[in-house]
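Look for chain A in each of the two complexes below; its partner is chain B in the first and chain C in the second.
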Partner chain A sequence: MMTMSNAYIEEFPAEAKVVRTAFYSAFLALALGGVFGIVQTLHRTGYYRFIDSADYYTVLTAHGVFLVISFTIFFLVGVFTWAVTTSLDRGLEDLRFTWGWYGLMAIGITLSGVAILAGFTDATDISASVLFTFYAPLQGHPMFYLGLVLFVVGTWLAGADWFRSWWAWKQENPDERIPLPTFMVLTTMLMWYIATLGVAAAILLFLLPWSLGLIDSVNPLLTRTLFWFFGHPVVYFWLMPAYMMWYVMLPKVSGGKLFSDPLARVVFVLFLILSVPTGIHHQYLDPGIAEGFKFIAMTNTMFLLLPSLLTAFTVVASMEHGARQRGGKGYFGWLKALPWRDPVFTGMALAGLMFAAAGFSGMINAGMNINYLVHNTFWVVGHFHLTVGTAVALTFMAVTYWFLPQITGKELWSRSVALGQVVLWFVGMTFMSNAMHRAGLLGVPRRTAEPQYEGFEFEAAVGSMGELQAQIALGGVLLTLSLVLFFANVFGTALNGRSDDLPANEYADALSGPEDAPLVLDNLKLWTGIAIVLVIFAYTFPLLSIIDRGGLLGPEIIPLPVFIESPALLVGAVEQLTAGTLESIRPVLEVSR
Partner chain B sequence: MRISKAGLLVVLALLAPLLVELRTVLSWVNVELTVLETGLVGAVLVVAILVWAFLPENGNGKTTEGDASSEN
Partner chain C sequence: MNIHTYEKVWLIGSMVLIVGFIVTVTYGAVGLGIAMVDDSEETIEPTELDEDERFAEPRVEQVGEDEYEAYVVAQTFMFSPDPIEIPAGSEVTFHATSRDVIHSFSVAGTNINTMVIPGEVATMTAEFDEPGEYGVVCNEYCGSGHHNMEGELHVVPEDEFDMTELEIEADDEVETGDEATIEVDVENRMLEALETTVTLEIGDEALSESVTVDGSETETTTFTIDAADLGEGDHDWTVTVDDYEDGGTLTVADELEEDDDDE
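On to the complex of A and B.
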């Protein structure tokens, strides 16, 4: 007998279409970014070079922007839409508005993407090979910046959409605590609003007018600092949806409950207040920013370990609870009772494990003194392939296997292929990121098409450079195969027929629920106020100092080559120098005589 | 089997970070393995894990896997 399922698509068919469209947009970006990933891996390691090395930077920009802007953010707006509608148990207030912000994001990223890809052809002057970190002095076509502005404004409106849902729900439920998934969405978006002020200022006040020729120059240090004002918290914009999945989904698929709802709220509040005043830790080697400001950024960054460690504890405790509900016993024996057959669980568990390693390399990046050892080396690339490249991307791919049936109404094409995919990603990333970290310790630079130099060999402490390159290439190939398996499942599922036997749209209950959380945790105005005060403390003086030294639009430009105006002046200067030198050595000459 | 097939797959996957890091750790005590030697150590570990996994538990051949109820 056919039965109606309680899947998301049955409850919220219109919203499911929004989530599905956002996810498919994310997957398109993932496919493009993945292709550029393997191209640059094989090029950099020297195994297969079919592009010009000058085009490497266009490839690198496309890889970065498509993956860490398009893939992650399109996916997370889908997850957040699901989270708000499911946990408030109400549809979005106005779907035309929802499609409006999605459309703005899509148009924006298309403009930026076209500007980047146009860099491959000489048929047009358009290009934007400015890397994901698009600060001056690299300059892109105005279309690139305009696209980014539209994309970010789209995310702002998406946040407004979710706040609107919450306000409407609050009118009807004035005494209820904010449901945990919605609380996570709101705190993340508040952080995002503050963080994106930096990049909005950098683009609208400086980079876009500069690119349009309205102003002649910019202050590079100022645009760098404004970029990193946004550039570090954007990391948490990627991570917080992954954390949300670890909190509300992982305990459920483990067979248990979330260990503590209050701890989860504390974690998201800490991310809201601490994510932004840390960006200067990306600029430890920038001259022009006083050491004291860098020290403040380091201190704030180290405090950010706290929510990550709280998460590690809460998530593992929740998994253990689930395993014991499934009959697991012993100190470590419960691990065997976890649902390793389920790709949703295994993918998230392996992503979390990789994130622990990323935390350790992140501590090294964040330490002011030890950062000098790894700054701008391949180590940093290894680090963020563990964070956004695994903790976030692998979690997103793993939960896709839960979401796909929910938003399409169709059964997953193959759980076995899905399991193989997440495990293959873990193995591939192990090889690649380990070798990247080790190469960084040898001083191998990042953002370089050909890190092979004539007359100079990097000396590996263990093994050889050749082995490290092979390990990176092997990892890249395994990751690409993993992506192929992922897309096979996405396509296979899309081609499946509708099923009425799907799991219900649910998320994890909590052992210690919101009733145990102090009310103050839901005071979003208070936490936003504290976040703004911390940002003012961390950034006012560095920004004033940078503007004071380098000018708002950069120092006065001196055209090169620099000439001394008058030859007579030069002759005079040489005469004066010679006379002074002779005078100073006269006693020596007299003694020797 | 002492472990589920999926569990075994994950255990074998976890060998990857163990092996690549083991090479570095051993170098601290002046034991420097070549890639081939590391591969051999890996192969020995894989065989040992497979033998352990496929040995019947308590002699009755019963699996311990708890995955049957993971269809969520």
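On to the complex of A and C.
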């Protein structure tokens, strides 16, 4: 076939198929998560309730798991596969291995997803309405935990795949610096390996055996702490592909170059070493953890602001450089020279703007003592809809408009629809997250089907609860419309014919390149070592103290399988669950074989 | 490494900001005395709360002048005690634990907010200057009825606050020729002595007796009524002590049925 195009699919057709499959998997999760999102928005705000409030928590679990596990991480493996192959300019070493890890992830998330969705029907005892945090003594079906394990193992193997590419490349290019995108992939994966040890321990040592009836009880504070060992760094796992796009793609679409390659490396090294030893900041209000440990987590968290503040500078500086290359002038006049009609640029720029706002609410969350005011309130939900819900999700959707032609070889269906989509997301999220933050300050809790109580009412100093609910519902509707436009473009593009006239597969050069970066920055062993030492410092004593206080398996607790409504049925249900367990995992093992 | 001047300025500014945040939080802890929920409490067996001296009876206790302790148990899907009543102008230390899953104890619109984890006791102290009513919510998902889990915290004006409890033992039935007794235990769970009047109303009669109940003590007042004065039939009675009231019915009969003795 004759072609003039240098698109990714022409260079790496087999890898393009991997990226495409990963992206489509992510989009399926996004669609499901979006549907559950609007159902819960309308239910919670009281505008339209067609499910039982008890089922709200199944909806919420599905919304959370599908969006922050499946959508984000499937997209990540797509972006990282593109980044490694493009920046090393070589294909993956063994595509059977690649499809192997993809398959493991897909099977894993399907098992967890089925366990969650089975909560809607009484036809089966299977259920896992335990939310994304699955705190014991809430107990999900073993299939839920098993699925998560397989999914995470899949991501571990994906990391191994990328490391393999890098090692092979290094043999042939012993004196070259690690290309920036690959450097970002490798540091992020090292962080991920350390972070997932926590959740792997929580599930494999405690929650899975407990749900199978092999052990009688668990220490709720211990499994919770192990969850947050993973639960905070996972947010950087979502964020790092977005950061990578801001560093290597945004300067390019702005019309210029990345301001500084060395500082980009510094930023990713800081995330590697500081992401994990901060998890206890989610547990500021937990009894059983000493104030000193909380203080250490708080200090680490505050220093974790540094890489994000550096990113803010570099991103804005790169955009300004691009704008001036395009003829922009003046202190602020250059903003007008930016390509605002390009959905890839506008989506990422708006995502970055929202991330700045998220930074401010994040600083409040991080403040150990002011956290009392906002902990577990709707404020927190407002915060993470700005971070993962906009900084990450909107960046992913915006770059999708660049990636789709690259991985399908087809022109984007409609740039104007794409532009409308990213702006609509920004507007919708402005309404929703602003109202969520404000409601949180009134003490309105997160994670509840009906934030209205019999004995009292929340009082708003400015506006009213009704006005806040209306803003949230309006925001939710706009976000749903935005998703519809997004999927229209994904389908429309897929239905287009192949095009020979696509932009080349390129990313941004740097003004100050890798030659300015000290060699030590590429010493991954050193940074991994420091990261491990910091984790040991931050976690050894808290974990030992929790085990010393509550025991490895904790006090006697009553597991609460969340599908059982009446406590009187509990005991029978637990027995039934245990007996049914072996039957229910047998088909699982066959599938994964 | 080659760092642009502007970027250096930004870097320094960022570090100042970060250190500034840490300093303010430290000042909040050391200077303003905002303590964190921590590991100072012993662990507890969630399935044995009924035998625990603090949590068997969830309650408010006075421990000093204007100082109170509240023992709160959270369970699916309720708080006890509910409502929690405390006087304005007091300092209250809340101790909260869970009988089952993880909950929270959160007083809406205030910074009284803690996780309640089975096996652990969360302790936090707060001052209440003004009277008011607050909602208490569980802000951690605890199962299918999570949204119904609520309670109330009443801060009552200091002069209207007491911790008086009435317990009454009264005859149900007496024969016409006998006397009926109604025994009223007035418990004063405050530290200061309580001066009050116990009033019994029965039929057309009203009997009153003044009592002084010392702090953390119980006084018993016994009323004796001649059944003959009341006459045959059912007589409703009420006992009143300050704002508290309790009542029952006394039956006066010519001859009580014999099978009462068989039991």
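Keep this in mind: the second predicted complex is superposed on the first by the 551 of 593 C-alpha atoms of A that agree within 3 Å, B and C clash if a C-alpha of one lies under 4 Å from a C-alpha of the other, contacts with A are read in each partner's own complex, and residues count from 1 in each chain.
We adopt the following convention: contacts are C-beta pairs under 8 Å (C-beta built on N, C-alpha and C of every residue); 3 or more make two chains touch, one makes a residue touch a chain.
As the structure is a prediction and not an experimental result, all values here were calculated from the model.
Asker: For A:L338, select first, second, both or neither according to whether it touches chain B, chain C, the two together, or no partner.
Answerer: first
Asker: For A:S260, select first, second, both or neither according to whether it touches chain B, chain C, the two together, or no partner.
Answerer: After superposing on A, A:S260 lies in contact with chain C but is clear of chain B.
Asker: Which partner does A:F458 contact after superposing on A: first (chain B), second (chain C), both, neither?
Answerer: So A:F458 only meets chain C here.
Asker: Would you check which partner chain A:L419 touches, where first means chain B only, second means chain C only, and both and neither mean what they say?
Answerer: first
Asker: Which chain, chain B or chain C, ends up touching more residues of chain A in the combined arrangement?
Answerer: The larger set of chain A residues in touch belongs to C.
Asker: One more residue to check, A:F431. First (chain B), second (chain C), both or neither?
Answerer: first
Asker: Can you check the complex and tell me which residues of chain A touch chain B?
Answerer: 252-253, 255, 323, 326-328, 336-342, 344-346, 350, 357, 419-420, 423, 426-427, 430-431, 434, 438, 461-463, 467, 471, 503
Asker: Which chain B residues qualify as touching chain A in the complex?
Answerer: Where chain B meets chain A, its residues are 3-7, 9-10, 13, 16-17, 20-21, 23-24, 27, 32, 35, 64-67, 69-72.
Asker: If we count contacts the way the header does, which residues on chain C are in touch with chain A in the complex?
Answerer: 1-4, 6-7, 10-11, 14-15, 17-18, 21-22, 24-25, 28-29, 34-39, 41, 43-47, 76, 100-102, 104, 106-123, 133-135, 137-147, 150-152
Asker: Would you mind writing out the residues of chain A in touch with chain C in their complex?
Answerer: 53-54, 56-57, 60, 129, 131, 135, 137-138, 219-221, 224, 259-260, 262-263, 283-291, 294-295, 298-299, 302-303, 305-306, 309-310, 313-314, 317, 363, 366-370, 372-373, 375-377, 442-451, 453-459, 512, 516-518, 545, 549-550, 554-558, 560, 562, 565, 567
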